[in-house]
Amino acid sequence: MKPKVLIVMGSDSDLPIMEEASKLLAEFGIPNEMTISSAHRSPDRTIELIRKAEKNSVEVIIAGAGAAAHLAGAIASQTILPVIGVPINSSPLQGFDSLLSTVQMPPGVPVATMAIGKSGAKNAAIFAAQVIARKDAKIAKKLKDYKKKMAYEVEKKAKALSNHRQGKG
Amino acid sequence: MKPKVLIVMGSDSDLPIMEEASKLLAEFGIPNEMTISSAHRSPDRTIELIRKAEKNSVEVIIAGAGAAAHLAGAIASQTILPVIGVPINSSPLQGFDSLLSTVQMPPGVPVATMAIGKSGAKNAAIFAAQVIARKDAKIAKKLKDYKKKMAYEVEKKAKALSNHRQGKG
Amino acid sequence: MKPKVLIVMGSDSDLPIMEEASKLLAEFGIPNEMTISSAHRSPDRTIELIRKAEKNSVEVIIAGAGAAAHLAGAIASQTILPVIGVPINSSPLQGFDSLLSTVQMPPGVPVATMAIGKSGAKNAAIFAAQVIARKDAKIAKKLKDYKKKMAYEVEKKAKALSNHRQGKG
Amino acid sequence: MKPKVLIVMGSDSDLPIMEEASKLLAEFGIPNEMTISSAHRSPDRTIELIRKAEKNSVEVIIAGAGAAAHLAGAIASQTILPVIGVPINSSPLQGFDSLLSTVQMPPGVPVATMAIGKSGAKNAAIFAAQVIARKDAKIAKKLKDYKKKMAYEVEKKAKALSNHRQGKG
Amino acid sequence: MKPKVLIVMGSDSDLPIMEEASKLLAEFGIPNEMTISSAHRSPDRTIELIRKAEKNSVEVIIAGAGAAAHLAGAIASQTILPVIGVPINSSPLQGFDSLLSTVQMPPGVPVATMAIGKSGAKNAAIFAAQVIARKDAKIAKKLKDYKKKMAYEVEKKAKALSNHRQGKG
Amino acid sequence: MKPKVLIVMGSDSDLPIMEEASKLLAEFGIPNEMTISSAHRSPDRTIELIRKAEKNSVEVIIAGAGAAAHLAGAIASQTILPVIGVPINSSPLQGFDSLLSTVQMPPGVPVATMAIGKSGAKNAAIFAAQVIARKDAKIAKKLKDYKKKMAYEVEKKAKALSNHRQGKG
Amino acid sequence: MKPKVLIVMGSDSDLPIMEEASKLLAEFGIPNEMTISSAHRSPDRTIELIRKAEKNSVEVIIAGAGAAAHLAGAIASQTILPVIGVPINSSPLQGFDSLLSTVQMPPGVPVATMAIGKSGAKNAAIFAAQVIARKDAKIAKKLKDYKKKMAYEVEKKAKALSNHRQGKG
Amino acid sequence: MKPKVLIVMGSDSDLPIMEEASKLLAEFGIPNEMTISSAHRSPDRTIELIRKAEKNSVEVIIAGAGAAAHLAGAIASQTILPVIGVPINSSPLQGFDSLLSTVQMPPGVPVATMAIGKSGAKNAAIFAAQVIARKDAKIAKKLKDYKKKMAYEVEKKAKALSNHRQGKG
């Protein structure tokens, strides 16, 4: 099935973070493809990936990168597809550099920036689903269920904590 | 005409920033509505606005706030609509607090965070248009034109600089 | 016995931090209850907890959360009970994000913010006791004793260090 | 009337910030006294003020200071009264130094830290009122009214914005 | 005369900063050209500028940009010419974002980063001259003279200060 | 022998850092005493230590503390003896909080602040020796020798590196 | 009279900050000399100044500089005289760069770092006086008087505030 | 063969970082020499190294240091050779201090600053090669090949990821 979301990461070392996005999209039943391309080491490949994605009717692009993280911005400079950026914590500055490099985009070229690291990769998947849900009621339904499930799981954990403590008391 | 984008800001002092988003949406021909509601001072009103937006088929919500900027996150906790956050620089910490409060969302509840201040407000509008363009080819066309115009304007300014300097030379 | 302090945390992973508060309250003989609720994943449950706490004559609420830590602020937006916030260091930004998200509250909705992590959780308990001590002389007495004990323990450790060094000398 | 809240500031240049707290306490009908004392320049006076406050049945102490802001911590080291700290933005580091010096207290000696600057001074007053409201139902009533008024004012401003824009439209 | 140094800036608002580099290069007798191109708003133009520079035997490229400053990195990804980056302070984060976006380049694609703002623009010119001086002894001579002049001017100012104070004494 | 330098630390967990100062002072033949006292947990003991030090002709006080590190400042507020502050990295903020709390002292009450952690503890000892050397020529001689030895050791290490590489070459 | 304190600043633009140190030393009756020398622009002159200071029995050197502030460290690398560093806020990073460049000295070469800007310049003077007071009882006496005067002035300002408010009441 | 690049590091503990530069220069066939010298502990040796490098026709100097990293700036103050700075992450502040101490050079004395740590050391080597390539066509050829190889390796890794996932699917 043709991917609806393209996930690009700057280096194969970003895979443990970015596959969180892929897994969650799979859970929502949204076909997606992960690949590697660097804004700095393979700029031509990055442009080719965008052109191919546009031809193949990809709906959303997710880009994750560390340090001076230009990947999401470089992609956004080449397309009007929604681009979601995931800053990755891979330099000594703890993701602070990748966050600012991703979020502080100049007017005209937005990158929808998520939290640093795994939280951000997961939320990139959910946000991509929210965009797709604007024209796919099934995905909208799944997102509503996911939201309910999250609330339910909080309650379940609260109950477990309460039982555990009463058992101790 | 019913608004497709709801713009909420935490305080009326945020208006000079957030009306950049409204103006740009108007330029793209996307009906939008601006209002004020605070996650902290008017939490009930914030929830009502979301419910009303969902009923009225709003496609995207943009939320701008300063300091411990919870507004976008509070909205995202209540809806599966895409929520775009604009951190506003209104405390002595120069928007650093509002950026982190907006972008570092926990897994499950994404906020698409833009740059601090006016750049972010403009990009929120463009990103909202990019989401709407996934099902509205006219908006997609306008976004492509906007992208071309931006590149053209850079060239025009470069030419002006070049002429100015040759005149001096 | 009905709890006088409600301790809410955003996630069960915050338990090792937040139970420091519970233990110290127990030491002061102040009944307390710990539970889990997320401002973002379970906003309705969070409101219910506050309503129930108000009915049950809870005196103080302690809220601990990490990343874009909105929990304390979300609770404070719904009640006039004193709310104490504990920023938790659970993202790559080392608690810096949770600190700013908790402390930089807009005028009108205070959160009494403590230090990041375990120090903050312990101090949340002591501060809750200080609030309760305003109408409970027994707790006031215990706080005074605790203060003396702290000073005494510093002296004891200083003596141990001194003896140890003279032994070596 | 005897003050129930003592407001101490480290320097007379902090007065424009800290009198926000005094004004708001007056609005709530809570007698309060403002004075100046420095943890570093007048340590003995600082201790005397605390002893006098304890004798005079002060309920809460609010302390505002800038730079390496030790005032709130120095007071908290000497009393079991609840101490609220207001970091003041008076050095080139924009309040970042005073925030960390106030909030990062070691375990055992809590300071209830508010936001940097005027927002924090106002919230210090509200939080002091919330503590006093635990044993004074009239203050509790005033706090509830204040909360309603805040929500109402947000709505009023939202209406004004809406009318203004329809007038333009 | 053909330019030996190409100075690119992301926006015409960067001109007051970047013309410091141009002026200083002129002082060293190094022909240079200033132009505008944005990594994000005009990515194709940016690539064309690099290709043209390479054909025209440009020796060094200086790139100045603000916010998520990708310009220097985007250029460095396309050429083996030495690229010097000047972070510009144009967002609320005071150049902190542009510094990290420029300096934290991944291995393989260096950007020689200078200080934020005018100091950096001047130093970019001197550093470009130092590179060119590796094969142009006249420029090397001028750089040595410049270094002596700087030391001499410090001494002159020290003397002026000394005289001024003795006059007062 | 009576100590000439008093080393105070806020907690016994600071010992591994602060004993670096004690060891180096011993190397210089400067009698010194280490003890524990907290500005916040044992404020009275802290004042007593200062009074005793003044009586016993202590020349310099070194104070090391973490988090909202008030210890050095609290001591400096009570004496005209030179006070050297060592910020200790013991909170999640990596010594950033203790650095600002120590160095940003208000005018009138200086603390001579050293680097965070062990480097700072060693330098506190050397700086204390430099102060004492102003009236003790033997210590001055030892400091000069120490300086020469440092330079010599750098050369020795450089030689070792060079030999090692030639052996490999 | 021969200066006992040498005040060096990196640029004549630092004079409004550094003359605070000179004025305060004059108040204490300590002869001092101000001059300009840059660690980077006039390294040879910087070394000559140190040699001359050592010959002329200078007791303490105060060095103020901005940005990558190496001046104090460069001086400390060449002498065993106590060197006091004053970070100056002259770059867009608000003194944060000069603070870290001054305080984070490697083990072996201490710089006694003061607060950023005027507060730091004043405290540099007081600290220099504290060092000199170790062998000059007159200066010790003046420092004690200064300390009393500071406390007295706080009290005077507190009284003025109190009178002013009672007048209003 | 005479070294064309001199690599200086502040301490032997910086070797694991800085030898990345040496290895990569060797890969490019550029003779280089590594040595140790500290701006602060061996200032005279540092100056001698520069003089010797200038006599021996060294083309570029690379300097790596941590904390208040003055090494690159101290070298740049003494020579017109291009100086490349590598900030090293060796203090609790995670390289943030060494970055600012290296990059924020005052006008007149540029240091070409690279990323913190190993990425920066590698890029220092590549940048040195880029400078040398301005007069050595063989090195230019090698740099072009290196750039192609980087892009090729990204593609190879992308293919491996794609194959791996299809194997799983």
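For reference, chains read A, B, C, D, E, F, G and H in written order, and residue numbers begin at 1 within each chain.
By our rule, a contact is a pair of C-beta atoms (placed from the backbone, for glycine too) under 8 Å apart; a residue touches a chain by one contact, two chains touch by 3 or more.
All of these numbers come straight from a predicted model, not from anything done at the bench.
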Where chain F and chain G overlap in contact partners, by chain label: D, H
Which of A-C and A-E has more C-beta contact pairs: A-E
Same vs different contact residues, chain D with chain F, by half of numbers used: same
Degree value of the rotation bringing chain D onto chain G, based on Cα positions, nearest 5: 90
Chain centre separation in whole Å, for chain H relative to chain A (CA means): 34
Chain B and chain G, separation of their C-alpha mean positions in angstrom: 48
Rounded Å distance between chain C and chain E, as computed from the means of their C-alpha atoms: 51
Sites on chain D at which at least two other chains make contact: 11, 38, 41, 67-68, 91, 93-94, 96, 103-106, 108-109, 115-116, 119, 150
Pairwise chain contacts under the document criterion: A-B, A-C, A-E, A-H, B-C, B-D, B-E, C-D, C-F, D-F, D-G, E-G, E-H, F-G, F-H, G-H
Residues of chain A touching chain E in the complex: 10-11, 38-41, 43, 66-68, 70, 73-74, 76-78, 91, 93, 96-97, 100-106, 108-109
In the complex, chain B residues that touch chain D: 12, 15, 34-38, 41-42, 44-45, 67-68, 91-94
Complex contact set, residues of chain A against chain B: 59, 80-82, 84, 99, 103-110, 112-116, 118-119, 122-124, 126-127, 130-135, 140, 143-144, 146-147, 150
Residue ranges of chain F in contact with chain H within the complex: 89, 94-96, 115-117, 119, 150-151, 153-155, 157-158, 160-162, 165
